[in-house]
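Shared between the two complexes below is subunit A, which pairs with subunit B and subunit C, respectively.
Entry: the complex of A and B
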């Protein structure tokens, strides 16, 4: 338990085969869903992973959950390489890394009661075999997830709860295993705006009281404002900018981050911002553009951007961005 | 900030469940009454008066003809103000209602009597009960077999989706489902006759004199071929529905969640997928079981099985309206009851149903 990092990702790649060589093409084609991601998650840290839909952030989460096998690269959990481990070891790791999915209406089995849903992980992992202890743990997880009094919820079914309450049940189902890391894949995007803050506050509380590290995946820079320690911006399977929340939100270096930030509405009618509206669609992740993968849409692209693919460059000790404009 | 107010979450009282059950039973009773009335008038409105068909022999004396009409109750008015409905003949509106055909029909029904067959002169209820047992024996065995085989193959196909096993099962299911029943029956009949199976009827004549075990063995041998044909045809439907239903469920987010929680593939199938995937199957089973009573006319015809389907076929040929009327009522009641059972099973399988 002396490791500084709860999770360390080294040059992680996940490709999906998009077609076999056949009548129409001679080569195998791959979707480059995650294409070389490096990321360190410290203990008790919250990292927000931001990007458009299709940028690979959900695939990254599934790969970290070991639900998809990495094509290349390594995932280190508390210093130990877990990229390719046996099914038995994988099950043990799943106790420590838990996930909260996007849609609380889909991620709960409609035929189980809340008690069954939250108890099941304990049974599967053979924890708390004594009935009384098991019940106590379930009640505590529900209360920690903000469902109070927990007894009132035990015998309900998911359809009897609101969206926010369901998401709390999902979180309770993850908490009951006492994980070290929580992967939250857009946990609030399906919820009403008024409920979003509650769920984000809940995650912030859990980090404070239980010391859980959180990777918070979102497409909305607005929802992470007062919660994340660091922000990583993803574009086409890669992290293009990473830094502390203040650095990325106040002084974005990558043109993509600048464009994302410029379109967030600001509740001040006097403040005029220059909006950068990106042209065109995200390129096809099968045939990636040459050079910098953002250059076809970049408002500041130079000739050199077509040829050379930038790595993450240091801006400050904590702030890195992958843009050739920083080289000058 | 951690307080989620339990607003709008009234405690689930068992009352909810009873109300749901009462509601369903009430509607079933209402539907049966409706069918009862409709069924009676349907056979009074149908063209081709059975009484006249029965008595149209010119050599028949008027007195004998009248005696027949009295025997089947056709001398009474159908209902107040109407002596007959085909053709419409108005009559006295002041008749004692209990003296009309409709109320006599209802009264007999309450006593378990469905009338007398025009053709065989036997009580309809007696004919139907005898045929019904034969049908339940054959179709019941076929249904149970096809449900088990079909669901098992469907689960296997979905579990091994997009492999050779899946494609094999899918192909088998599609072929089985689209085979014409009578054609498959004839092929099986040919095959069976050359392998020593009896090719028709329910039992060897005279077997009644033998001990019970021998009788049962004889009936089983007679049942084998028609049951095989029936199973193949219905298995396809169950297989296809089960496969697609399970594939839908396996793509749900809660399956992924279960995987992330550390459940093994088998645990996911057993604890999460099957129960949810069974819902559409329950509907089909209920509907099919309801129609079980109607028999499988094609199979019963090919294998000369003395079931209800055959009885309906014969009754249509000879315009034996009381038998048809009784059979229709029996089928309607069993379909309604089967649907009621499906609704009740739903409350057990899917907790969302009761609270609607």
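Entry: the complex of A and C
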């Protein structure tokens, strides 16, 4: 049986309670971190999830990793609902969905050698019990992550590696389990620009050679460029625009996407362009604005945007955006 | 290929353990404590061999032997029963240490378990365990122990048990707070994402990082246990047949040693207690320094004078860049051949070598390079804020007709902040959390300008906040009520409080979102136009500065790679490093293009390659690059590059 989707997210919501009802407020308040996200990830597909801090993209990742339990909605992994499963089943799923974290300086235990770090997932899952086989898998994971010759790295410690190498170790630690899906949460934002492409190209190769599906979370549309198949732009817990990489980058429909694109620097002083700089920051997700969530910051907001909350509207078969300007 | 050979071989992997031993051996306090402790442990273990007499036997003792002063046959004299005090001292060491070690083991085990479990699980478990710990903490130990021991048969093991069971509370609290700190680190989350259970995480990720604190704490608990035992024995609550130092004190005190002037019977056990406690304290403090290197202060000590004078190289005079904005713009900063070295003992690191640049009023210069290229060191040198081990070894920094390198500390501190101010990377986290932002800005104004009229302070704060786009109402808010971007703006407002001529912005937008980054860049651009401010913008991202810079200085491995006006840097770069940096920047107008990156990483400044510093990573390197360091070649007026390929390419 082959499923078309590696991962299917249906109307996923994750709320956190913000304070209890007290003397002055009779109602509980909630942080609407993820507020109704629908997304399908095909096998071998790379979807970029873009948004500013506080838009809920990291909470979405943790919920998909089953590290946070969804408040509402469903997560389907290869056709099977995994939203609320037992701890044992969760462990089995974790073999298939792995994560790469933002800060390679923090996400490795400084007291472990690289060999210990990459072997650990195998031990946790009781895989490759034979010592020789285990070592082979670790070496292969390291080489696949671009650390060659792998033997040179086995006995080193994280502090002896550069930022890019550390991020490769994190990726090797995920690859060793042979996952089907990789969630990369800002994997390059802490790295120098000069080596970011090193990690992005590595992820692109893995998709090609291993058929891994990737959700690439970033605040910077510029870094994903050619690498993503589709781009989903998130704002205040919802996807406001989704489409193929080309559609979103070349013909953005949502004013938020347009603004995000306009502030990406162009490395050519002769092409200085008009930037749409949004004032303020993402509002807090406790008291959501009425109507369209983006209207308080939107440079093109109309009167109707205050009242009516737009759903995703079809632009093309693959391109959708949640903006009332598209209704006309 | 010659270039490949330059690829530095990875150093022999140093395990934390070998590193630990090396640092331990170098720590005099720890070594002294350990030696002192080993001496007494050795004596205790081999007591039967070392002690000249058996303290339990009365054989050969005559009535005249009572309270004899120290002599050749009895080094520490004799006691009330005519027995040799030295032998009792040696055997007493054995019991005192046994109690100390075993009681501490029990305490550490209980305290460690409580602390880790409470810290790791939190919630109800933590509540229960820590409230229990608090309860134990407020019960006065000594009376409880006295009651406890009095109720049970006085034996050495009862004493151990009682001291051990009562002495774990501090350990539990310390371990809990360390566990909390470790638990929130990202590698624990990563272990969870791998699928690891709680047991695995505690064993492999929490314990190894809690262990150093536990070890240091254990040492102190041992000495406390020895003291407790002495107290109990002195009160007569220990096994009368087990000789310990406390017991010796008890007997000597109770049987008239003081009245007959037999000081030796009291001094010997007292000396033993002081010796062991001192040894353990030294060892504990030493270990703490070794395990937590931040406590060590020596890297902040001024280094000795450098051997390296810095090979001064004359900067091509014609290469002095003209202002790009206005012909008559005044030069506000002229940095000439500045070199900076870090000196530690006899070794030194050349962090910056012969860097020159010019800054005109109202201009923005981008200082670009990867992490570890000496950018921040150069900026700190400009302000003379280098850590004590850092020195400007040659060059001049001309500001306002004065050479900043030759000013006295008082003179430079007058210029710092008032004329040249700086905003650091992550500076937004440097605001004091318990004072309003407005107050902190006021303080910055008054500190550097004590004569500032009190009446105008309020309006000045509002004016400054307005400059950086923060509404006046926010002046009475606390930093935590600000978002990250607003805090960074507030820091810029503070840096502007004395109307500086130059603002140094050291990666002010790293770790901020693209939109906030754009807001801050926009703000800096406006300030420059509005106030005629000259800005030095430090970044690893060439793309960011393209939008607003007038000129760019690209640094690599502590030297100037290329320096020119912005148009030249982006449209006809000559140094391969500049070219590669530009290629690494994503160009959204061509999203299908595969992104390039520079393989490898910048050289460590203490292991610089002999030739061109970029040669090991350079795709265009040839033999000469490996052996000879290129000098700065002038390509046209105001454009220099340190690359052999640029030789003879000038006009």
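Details
Keep this in mind: the second predicted complex is superposed on the first by the 320 of 328 C-alpha atoms of A that agree within 3 Å, B and C clash if a C-alpha of one lies under 4 Å from a C-alpha of the other, contacts with A are read in each partner's own complex, and residues count from 1 in each chain.
Just so we're on the same page, a residue touches a chain if its C-beta (ideal position, glycine included) is under 8 Å from a C-beta of that chain, and two chains touch if they have at least 3 such contacts.
Predicted model, so just to flag it, every value in this text is computed and none were measured.
After superposition on subunit A, the partners subunit B and subunit C collide with one another.
By the document's definition of touching, of the two partners only subunit B reaches A:168; subunit C does not. With both complexes superposed, C is the one of subunit B and subunit C in contact with more subunit A residues. Once chain A of one complex is fitted onto chain A of the other, the partner contacts of A:132 are absent, as it touches neither subunit B nor subunit C. In the superposed model, A:209 makes contact with neither subunit B nor subunit C. In the superposition on chain A, A:101 makes contact with both subunit B and subunit C.
With both structures placed on the common chain, the touch criterion links A:148 to subunit B but leaves subunit C unconnected.
Residue contacts after overlaying the shared chain place A:221 against subunit C, while subunit B stays out of touching range. Shared-chain residue A:91: touches subunit B and subunit C both.
Of the two partner chains, subunit B and subunit C are each touched by A:157. Shared contact residues of subunit A with subunit B and subunit C: 65, 67, 91, 94-95, 98-99, 101-103, 106-111, 113, 120-121, 124-125, 152, 155-157, 160, 162, 164, 170, 173, 177, 198, 201.
In the complex of the two chains, the subunit B residues touching subunit A come out as 1-4, 6, 8-9, 12, 252-254, 256-263, 267, 271-272, 275-276, 349-352, 355.
Remark: subunit C residues 10-11, 13-16, 185-187, 189-197, 200, 204-205, 208-209, 370-371, 469, 483-486, 511, 513-519, 522, 540-544, 546-547, 549, 566-567, 570-571, 580-582, 584-589, 591-599, 601 touch subunit A in the complex. Interface residues of subunit A facing subunit B in the complex, by the touch rule stated above, are 65, 67, 91, 94-95, 98-99, 101-103, 106-111, 113, 120-121, 124-125, 146-148, 152-153, 155-157, 159-162, 164-165, 168, 170, 173, 177, 198, 201-202, 205. Touching subunit C in their complex are the following residues of subunit A: 52-53, 65, 67, 90-91, 94-95, 98-99, 101-103, 106-113, 120-121, 124-125, 152, 155-157, 160, 162-164, 170, 173-174, 177, 189, 192-198, 200-201, 219-223, 225-227, 245-246, 249, 259-261, 263-270, 272, 275, 277-279, 281.
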